[in-house]
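In what comes next, chain A is part of two complexes: it sits with chain B in the first one and with chain C in the second one.
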Partner chain A sequence: MSGLQIDAVEKDFGETSVLKGVTLNINDGEFVSLVGPSGCGKSTLLRIIAGLETATRGTVSIDGTDVTHVRAADRNLSMVFQSYALYPHLTVAENIAVPLRMRQMSTTQRLPVVGGLIPGTGPLKRDISQAVRHAAEMLEIGALLDRKPGQLSGGQRQRVALGRALVRNPAAFLLDEPLSNLDAKLRVQTRAEIAQLHRKLKATFIYVTHDQVEAMTMSDRIAVMMGGEILQCAAPEVIYEDPNDIRVAEFIGSPKINILPLEHTNDGVVLLGRVLDWPMPAGMPHLMQLGLRPEALRLVEGPSKLRGRVVHFENLGSEIFAQVVLYDGDIRLTLRATPADRQRLSLGKEVSLEFELRSGLIFDTAGKRLRMAEVKTRAAKEVA
Partner chain B sequence: MALIEASHGSKVSQDNHQVRTAWSMTAPALALMFLILLVPIVVAGVLSFSNYSLGNTGFDWVGSQNYERLFSRSTYEKMFIATFTYVVTVVPISVGLGLGAALLVHSLGRVGDIYKTIYFLPVMATLLAMAIAWEFMLHPTIGMVNRTLEIACGTWLETIPFFLQGCEGSFPLWLGDRDYAIWVVCFIGIWQGFGFNMVLFLAGLTSVHRELYNAAEMDGARSGWEQFRLVTWPALGPTTVFVVTISCIRAFQVFDTIEAFWPQGGGPSKSAYVMMFAIFEKGIQQNLIGVGSAITMLFLLFVMFLTLIQRWLIERKVHYG
Partner chain C sequence: MTKNWWKHLILIVGTIVVLAPFYMMVSYSFKSPGEIDRGEGGFFGRQEMMVDPRCVALRQPNRADIEAARTRFTGQADTEIQAALLAEAEADCSMRPVVFNYSKAFTEAPLILYLLNGVIVTVSIFLIQTLVALPAAYALAKLKFWGREAVFGLVLFCLLIPVHAIALPLYIVLAKFGLTNTYAALIVPWTISVFGIFLMRQFFMTVPDDLIDAARMDGMTEFAIVWRVMLPTAVPALLAFAIFSIVAHWNDYFWPRIVVTGNRELFTPPLGLREFKGDGDGSFFGPMMATATIIVTPLIVAFLLAQRRFIEGITLSGMK
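Now for the complex of A and B:
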């Protein structure tokens, strides 16, 4: 058994319950993102894994060993902080060397003058500086080793923080929103570099972010957290295409998924007053919700089930997002269109929308996915 | 070409205009600085080479005689010993206690506010008023200190030589004893000063990034001492330099305790005859402006020296980045 196991972890701050029984198994070498809106408990969970916070209930194990009551310094984990947390008085090289100096050298060996006199200090120091150079070269910051953090740009500081994390061989890397202080362009670049680093090191990465794009692009698996629980933990494409919960569907995907009310009556399935050709199995609730991704909608000529007026549109060059207010029910839908459709999408213009029944995701009123309803639909569609 | 020259010329006159405005704006500040800072220092410097007394119509130049006296007479030797004893004792202890108290108070949270107030009280109270309270407490026979010490008589504490002597004869006279006088002054200086240092250190501690402690823990700094060495102490560098300099200057300036305890002489056999008191006694009480000015110049030299060290340290060592 290897990797990291989090078992029924709960955390209370006074009366407030921040984590409500989180269970997560992370395999050796896996890149797992914890993603969710701010206040969902993802950073607290990471700090509990790191050992900087203790769980109120539940256990954390690393490689099958229970470390719930082991302090952070003894867990053999590395962490990159949101603020980078570099020591301002040390040079880049010294910053990267700190984890090695603290773990491999004794207190007397670290003393400025006396330390050099103790046998074994010299070779140890050489080993450490070699490891530092190696880490610096891997991150392409070899030229900065003599600078202080105050003389570096945000991106360079971020690399130094990464260097400090990877200079030793930890059981896992914990990253707490490491890209949130970078500008948009640098973020995209560093995102790719971290993903490459993961492939190169083949180490376990646990990555906390509120940015779903980061989670989608870098992870092997995404754990979507909300209200102190993991709603779903799966591969990025599963999270996007096959969410278990309406909150997952709404959080992942930009622009947000469109949600429409769906009624199941004796006449059949009714969407905004129109009966759909939708064979619903028995036992489905009266009221449901239909989730449609913006790319599931398409523009059509002539009358259709969904008609409305364009109230806003954003042209991103390669694609266009238009917001359409439907005539029925005053519902706003977001639609993704190609540049070829630009002529048909001027502001205030009336449009007709169509969608494939099979691309709709159906949820009950509490937000739980109703896969039963969808399977039948797809079957029906195929028969038709 | 002519056009370029014309525009060039107008640019020069514009520059001149700006320079003139800048000087006229800074002139009042410069004049004030010159009048109330530099002129008195220069006057004191000039007078230190004379035998001027206030009220006299003239004076004679005496060359470096005043300075020679400072370095030859035993009174001034005592002055230097008392001053440096005070500085060397009070500065490290009040800075160390200030830092220790700040770290403890900082770790307490809400309860710490009470301690903050208690430790800061002596700073707010006038030292002159406090000196009277201390004089009462340190009175050899009716003072609280010696009476408390007397309780120990007849107990096992008598095995300690200090108590044995005190119980058989008498406990120290404190302010009247030349072996104790300067140390009592030092003690009061520390008692009065460390609260101020604590507040400065507390301000410094609030600027330490909390995440740095987490990073230090992750990096394997297990003990509180290692975290202090790695995070707290470097972060407090600028504060420490400032606190040490301020404490030094304040220690050189000690005056009111001594004036309150021994208005007529600077302690038993001049054992607490510090520089400020010497300036006061010579320059004001005895109207020997020349000697008083010479001590003043020496005092300014010390303070200037300390300030320069502080500037150098701050620019070189403790400001990162």
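Now for the complex of A and C:
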């Protein structure tokens, strides 16, 4: 078990640059998710770590050893693929045994009849089948060992793929969207199981997903990737509450964060034509963007900062998401309400919304976070 | 059904056209020469006892036979003994036509040897073709290297070259190396099958890349991937190729006829059929058709077995 260092890795496919200098240090035993929209380069990065692609520039080290030019088989990493990639002609037990057989047995020992005659093959085979049984029991697929992958359900295949990855002690586990072929219910269950597995094995996990919920629930740290770069790599709560970039704020969080235009004029801070009581420090740009999470908005009676009409309404039972089109600027906001507010929300109804200044996230027009402009930072400073 | 009667009619006519020669072959292999000449006896013939005239002619009793038999026929004249011996010979040489045809097929020419030659040649060709085609197809389908498209273009180009066009140069090369009248002459020219490479390449294109990457992560070398991952998943395609390859070379008359001159030890089954070609001493259609039936039976049996595996292979592959 060991850490992983990715240093200024770039990858070009012909003219297009897929990774533009990615640097990431992953500690021993850490669960890091690479998350981002499709085409952001997260799978390419994982394949470069695995050794299935070579980086155009930059280095990959495992436990301090440079492995940039070491082939995949010799890197001692395990990978679980989105399509599971089980050998269709082998039984479950044989599938799980493959990594051990290929690494521990010599070519002649693997031969069907001759192999058995070579001294040491018997005990080795027993060790392997014991390891396979152990892995299968850990994943509760002990009863399936004699079946072929074609006879298994998606969830069972996924477990076999996990078993094949964890049967030996790799330096790290690489998982490439392993849950995306499962149905929603199974996905939630397997998500928890993988997180438990990580706690049990205390191994390094690198997990690629486009699903932010998976990233938020399982990871020690999330690396949000976009356009071939890591925008931010931090703990899930930091990524959610304190994003560095508007793209991170927009990608993480469901429903999406609300973005409103903010003006800094001589009169003060103006939001949709209304002057806010916002102590803005000097030197801030004229135009800014205000990010408000759906839970930062609340319904109020009477006049307020934001007024609009409910145009869409989703009741999830435990919470309600309502989309409100503001009268000013024709902007659509998403609001999270509690079931207690249900009778105040119906289609076409006029609502007033309020928010705490301290819950707003401020970004410049390029999307960079302006922490200096935010109320809570200043408040914290004043207290200090 | 009623609307499609003409489709069925065309299919039935087509089936008859295809099956008629087989029907004739099998039927002739059952019948006596007389029934074949007169065109009677239905499919099986009447299976009346018949006398093999050649067998009787070979056992025509001479002086020594008569002297030797004198103890058995005491007190009889020589002519009577001769007649009795002849009657015995005729009794020994009479048999059912089907027995006659099939026993002749094996005794007239060393058919077992020819069949064995056929097996050696076709199996060797197929094994070496597989040995060459699988790694080549894997490289063309799944590895990225400079000039891959050009190489694949050459493979396609070679598909266009008819065998007969290059037969003469091939023969000259083999003759220069002194390889005519050897197994090598029958096998070596066919060991690289561009058709096989093409077919397997097309199949390997459908194998998911993830499976190959998984094998690499599991510690397999590229050669191990070809034999341990690609080969087992490609069994249906390989069977299809096996049918083409084995049928073509088992039935090949042209090439063995060119490179095997005179040495009967190397005859393949189709060359063996020539031995029943009616020369001066009458036709041997019965035994000839029996031989033909024996030659095609292994192919038909193999095809029927392969066909079952073929379908199993596709439905049980468990790949998406």
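Everything below uses one rule, namely that the second predicted complex is superposed on the first by the 373 of 384 C-alpha atoms of A that agree within 3 Å, B and C clash if a C-alpha of one lies under 4 Å from a C-alpha of the other, contacts with A are read in each partner's own complex, and residues count from 1 in each chain.
In the analysis below, a residue touches a chain if its C-beta (ideal position, glycine included) is under 8 Å from a C-beta of that chain, and two chains touch if they have at least 3 such contacts.
Values in this document were obtained by computation on a predicted structure and should not be read as measured data.
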item: Fit or clash between chain C and chain B when superposed on chain A; value: clash
item: Partner chain(s) touched by A:Ser318 [first = chain B, second = chain C, both, neither]; value: neither
item: Contacts of A:Pro149 with chain B and chain C, given as first, second, both or neither; value: both
item: Stretch of chain B, among 9-17, 63-71 or 153-161, that runs into chain C once the two complexes are superposed; value: 63-71
item: Footprint overlap on chain A, where chain B in one structure and chain C in the other make contact; value: 47, 50-52, 71-74, 77-79, 81-83, 85-90, 98-99, 102-103, 148-151, 164
item: Touch list for chain A against partner chain B, complex; value: 47, 50-52, 71-74, 77-79, 81-83, 85-90, 98-99, 102-103, 107, 148-151, 164
item: Of chain A, residues touching chain C in the complex; value: 47, 50-52, 71-74, 77-79, 81-90, 98-99, 102-103, 148-151, 164
item: Chain B residues touching chain A - in the complex, by the definition given at the top; value: 209, 211-212, 214-215, 217-222, 226, 230-231, 234-235, 237, 318, 320-321
item: Contacting residues of chain C [partner chain A, same complex]; value: 208, 210-211, 213-221, 224, 229, 232-233, 235, 316-320
